[in-house]
Amino acid sequence: MANKTALIVSAHSADFVWRCGGAIALHASLGYDVTVVCLSYGERGESAKLWKKEGMTLETVKTERRREAENAAKALNVHDIEFFDLGDYPLEMTRAAKDRLVDVMRKVQPSFMMTHSKYDPYNTDHMYVSQWTLECRAIAQAWGHNPGEKVLGAPQVYLFEPHQTEQMDWKPDTFLDITPVWDNKWAAIQCMEGQEHLWHYYENVAQNRANHFARNSGGQSGGRAAKYAEGFQSIYPRTVDEL
Amino acid sequence: MANKTALIVSAHSADFVWRCGGAIALHASLGYDVTVVCLSYGERGESAKLWKKEGMTLETVKTERRREAENAAKALNVHDIEFFDLGDYPLEMTRAAKDRLVDVMRKVQPSFMMTHSKYDPYNTDHMYVSQWTLECRAIAQAWGHNPGEKVLGAPQVYLFEPHQTEQMDWKPDTFLDITPVWDNKWAAIQCMEGQEHLWHYYENVAQNRANHFARNSGGQSGGRAAKYAEGFQSIYPRTVDEL
Amino acid sequence: MANKTALIVSAHSADFVWRCGGAIALHASLGYDVTVVCLSYGERGESAKLWKKEGMTLETVKTERRREAENAAKALNVHDIEFFDLGDYPLEMTRAAKDRLVDVMRKVQPSFMMTHSKYDPYNTDHMYVSQWTLECRAIAQAWGHNPGEKVLGAPQVYLFEPHQTEQMDWKPDTFLDITPVWDNKWAAIQCMEGQEHLWHYYENVAQNRANHFARNSGGQSGGRAAKYAEGFQSIYPRTVDEL
Amino acid sequence: MANKTALIVSAHSADFVWRCGGAIALHASLGYDVTVVCLSYGERGESAKLWKKEGMTLETVKTERRREAENAAKALNVHDIEFFDLGDYPLEMTRAAKDRLVDVMRKVQPSFMMTHSKYDPYNTDHMYVSQWTLECRAIAQAWGHNPGEKVLGAPQVYLFEPHQTEQMDWKPDTFLDITPVWDNKWAAIQCMEGQEHLWHYYENVAQNRANHFARNSGGQSGGRAAKYAEGFQSIYPRTVDEL
Amino acid sequence: MANKTALIVSAHSADFVWRCGGAIALHASLGYDVTVVCLSYGERGESAKLWKKEGMTLETVKTERRREAENAAKALNVHDIEFFDLGDYPLEMTRAAKDRLVDVMRKVQPSFMMTHSKYDPYNTDHMYVSQWTLECRAIAQAWGHNPGEKVLGAPQVYLFEPHQTEQMDWKPDTFLDITPVWDNKWAAIQCMEGQEHLWHYYENVAQNRANHFARNSGGQSGGRAAKYAEGFQSIYPRTVDEL
Amino acid sequence: MANKTALIVSAHSADFVWRCGGAIALHASLGYDVTVVCLSYGERGESAKLWKKEGMTLETVKTERRREAENAAKALNVHDIEFFDLGDYPLEMTRAAKDRLVDVMRKVQPSFMMTHSKYDPYNTDHMYVSQWTLECRAIAQAWGHNPGEKVLGAPQVYLFEPHQTEQMDWKPDTFLDITPVWDNKWAAIQCMEGQEHLWHYYENVAQNRANHFARNSGGQSGGRAAKYAEGFQSIYPRTVDEL
């Protein structure tokens, strides 16, 4: 029987590391095949350190960013990583690019998907990608889109943690204990050589989310200890047989 | 080993039937001991049909409402039902009443609790009870409240479905399939003899929530068929080991 | 046949003038009997000018404020004005005071009611009164409250315009043309001798709301000219037979 | 004198039936000429049943969906129905298509318009159409757009009921009694042969909205009985001469 | 040393006058070089008075609107005003236009920027411009966009006051005393010959915002008197060394 | 000339340390006299570690908590700390307690005040205190409350950072660089012997808020480096003479 699967839609090539690297590695360890789509390399807007070097070119930046992302993907045991190379700042998604993302969604048939927060006044690429992901999800569900293909079901879409959560109107409703795979995430984080200023920041985030994990699993009477966690906001209601 | 438990905090004696009767019966069938607290009988504000009878008295209304609630509780296989008799319209919760509710919370040690929506401009009793339930949950967690007792953990609080959901700013994030216990809920609903005008209304609600269950479990490609469902809004984030 | 009626619940004795004086006078001119309840005189918190006078006492302030309010009520053709004298800053509403307001609601049987905005971080009296009005409305609808009395129906509750609307999260959904009765409102405003600094402010408000009236009744192609208007936010949905 | 008019902007060819079929038939019975614009047939995304048939083609689906919509329009006494055939999932609105919709708005000069909710994470076509309708309304009001034409006034835009209202942040502020024309709506619903699974769902919706109609027109003391109703959310404030 | 600078992004050629004319003139008086970008002339949608004249052409309207805007800019001591001439109703911003706005942002290196509210159901041009301004701000910060140029820092973006603030979900968090430059603003307002119906409206706005200035600077005990003020909503948090 | 002043209203005796210890120490270093009011000791609900010891009594817990708070206050150079000893879980504020807080507000005449977030479903004490602080601020401004006393002006109220910010609907709009006084805050944190599990958590918070400080002061081009910062949400608009 085929593995379970998950799909991450990342605007820039490093987003999947900071924001859901733990979820990726954890589900990989649970037997999921996790696919990551990087819509751009973040080559223009998230590579300041590279651009400060003499004689830098767009191609070199993209190559470098791709290398980092592939290394990180390996560290996280990503099953497949695809680069759409759509450009960034602004990231523009043509109909063809949407169709390509729909193809991936149908091919992967994910149990869940992940993408960016709905709002981001610092980084409009992020919020556009969030909306396009919902749009592509609807197309992938349409029986009349490439009739004959297996349509997409109704996978949850989790919005992973943005930078400055409160400014993005992002509110986590789910905390995931990533303690067992923290080493993987930390290794992946260190692959992001150009953004070393964010390493410690996201280590702090993971530790503090673990505090939230404990608080919500047991209050003052204890709660389950977790050393590292990640938070996610769900777009759709859950359907359950027991609360 | 002791059964799992759940606790329902109902402002008036019929609320637990319309709003979470299915959840009660389902979890009873799963082996949970479900306790229901009715803070009032709804004797003044939700018993119009009785008051239209000649010579009606408050005591008669309360007796009648209690009888109906006890019958409904039986139909739902409620483990225990307690009546606080605090009065209604307005329902006022003294410190003593709060302490009593805290006692129940600690005694029951519920896996989850349920109560009313945060806002209700039609029925302020409902929204006050929602807030008091959170207040009592915090007290029940306090180590210095009746030191020596087992403090409460961090059970989820689900807000059950109010009447006119959109006016109450209530948004369900969880749908529960209650098809297996619909007969119990329908029987309990029919115990509410004084509010026959609501029977069919809540049958419709259950059917349409089943449609939402299917839609969210599988989109256009199918989804799991459910005939009856209930929706709930969570106050706190979930803590999980797999998404 | 009896006149139509309306009921205004005003935290302090001047609120009904600034915030809905036009609505009062207009409906009086349409044959409504409009009752105003002033829960307090605003004697402590809204009478700075009086308190700056030598030797001022609470009783004198209350007497003065009452006189102003009665004069304003006359100017607006108010049918009845009642002073509950509950004190202000903070205005505290006991169960007895709630019962008294319920009595008024049942006696008046208003077609609509008006009160303060839901939120007001400058003036907590206002926001508490808004909530208590909803609470009393629910009690007044309860068949078991003073059985035998005629219960209240389901009158709309309009929230009238607060000071600094945006800070109060107040959003008008209804604009009322008060041009025909502006002279009455202006006369009533001038009865508020202690708050002369607000006269011109609320004249500006009325003129600008008239601009909104025109804008919403006809866009750039015209709209109905209005010179003075008031805005209101509805709590409940309307029920109609034609849109 | 010309009839009053109304304009419905429907993303897919069945939306106008489920969501405002009653409003259409009722206003037709009141003498309004109601025009419906179907921007697409919903041929790709809302025709699963047809696509499951062997050998289905896009043209056949569109023909079938158009036939159903025309039959439904007849059942509702629609004055005019126009199909823009813009495609669906995703529905893309070019400048030319916007101009065409502006032309319709100006030709119809509606007393009110209706369209989709502002947000819909299940169906991005819906939320885009909602925004485009507002955009086209603004263009239609512009004196410099096709100068010489009669510009549009300021018709209300009602957002009709989406599927899963709470997930769409949709809150009705107006309930319309459609009891007198329920037979028309039910007949129109049954024209939607490919979506039989939704017939009973929207019958339930209409019955429960009638409960809300009664509740808001009269509270516990009665309220006007209605058997079927529809709910709508207004975008703009109303302008009135009596509350 | 170079002057401080500010940048105003105005959808139509009059917006900067009504909405932030005071802020412009005040900062000019403080030594700022203020640049205004008018993305369109508002020639189609905000020039009704001109279009009502016989034989009017688009070019004439644009010329007239430009003349008015230039006069107003002079009255406000604007340092530079640029007209992008992108058309209006709808205002469409191509990638080239975005790049041009990015160029201006980088050239000006503003201490702060100003633009429209996030939401405007009356005027979709406004809300699109608000979003595009954030998008261009992000591009202007990207080291890989035109490498070698000085990138933009992190200037605050203030949303200036829209018409009908409550309908736009606009909430001011900053009031600016413009009393010293009111004469400039009033002169600029009078340059808008085609929109005389708005002159007095915005005079009222300025007076009432001055009341809010006083209220927030000193409560009932006084507050600083201001005769005219403007309000702004900030997008980003402030960073300070003293509260 | 008298020093500037500030007033912190803390529900439990440790809140002022975690949530605004940096702001206190920084303003003390700037010459402010900072007063802290601890409404309770948090003796029942926030002293789990103490209660786990054999033979613990309420008085001992209170003594211990007071000692910790006084030590922390010293470390932060607090000017004055007052303990109202109102009890906690639930913290109940009588009219007399409100009057006492009003007295402090008037005595201190603070330039700004600080208190808890508006919403907190984990800790209702916090949200009630937030509301009561606004209520007391309004009373303190009332000329008729203890006539003759100097009334309060209109100090800003900053809501300091709660635990699990997103669950509390708290959004910071102001970041304060506390790097120069971090040693004081860290020393004060270590005075909270009973809550050692939170020390590192709030160190992480301070570091990550410093990242936000840098991000908002300069974007990708730099921003001012800060090692530790605190975030605050303002209740009222600012009034300024330059943006």
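The first chain written gets the first letter, and so on, giving A, B, C, D, E and F; residue counts start at 1 in each chain.
The rule is simple: a contact is a pair of C-beta atoms (placed from the backbone, for glycine too) under 8 Å apart; a residue touches a chain by one contact, two chains touch by 3 or more.
Since this is a predicted model, take the numbers as computed values, not measurements.
Listed here as common contacts of chain C and chain E: D, F. Contact with both chain D and chain E is made by A, C. Averaging C-alpha coordinates per chain and comparing to chain F, the farthest chain turns out to be D.
Using the average of C-alpha coordinates as each chain's centre, C ends up farthest from chain A. Where the sister copies chain B and chain F meet, the same residue numbers recur on both sides for under half of the interface positions.
Bringing chain B onto chain E by least-squares fit of CA atoms involves turning it by 180°, to the nearest 5. By residue number, the contact pairs of A-E overlap by more than half with those of exactly one pair in C-D, D-E or C-E, and this pair is D-E. Per-chain Cα centroids separate chain B from chain C by 37 Å.
Shown for chain F are the residues that touch two or more other chains, namely 45, 48, 122, 141-143, 167, 172, 212, 215, 220-221, 236-237.
Counting only pairs that meet the touch rule, the chains in contact are A-B, A-D, A-E, A-F, B-C, B-D, B-F, C-D, C-E, C-F, D-E, E-F.
Within the complex formed with chain A, the chain E residues making contact are 95, 98, 131, 134-135, 138-139, 141-145, 147, 157, 235-237. Chain E makes touch with chain D in their complex at residues 43-45, 47-48, 51-52, 56, 58, 61, 88-90, 92, 121-125, 167.
Interface residues of chain C, counted against chain E in their complex, comprise 45, 48, 122, 163-167, 170-172, 200-201, 204-205, 207-208, 211-212, 215, 220-221.
Contacts from chain B toward chain A in the complex involve residues 6, 23, 26-27, 30, 111-112, 141-143, 151-154, 156, 158, 172-177, 212-213, 215-224, 231-232, 234, 236-243.
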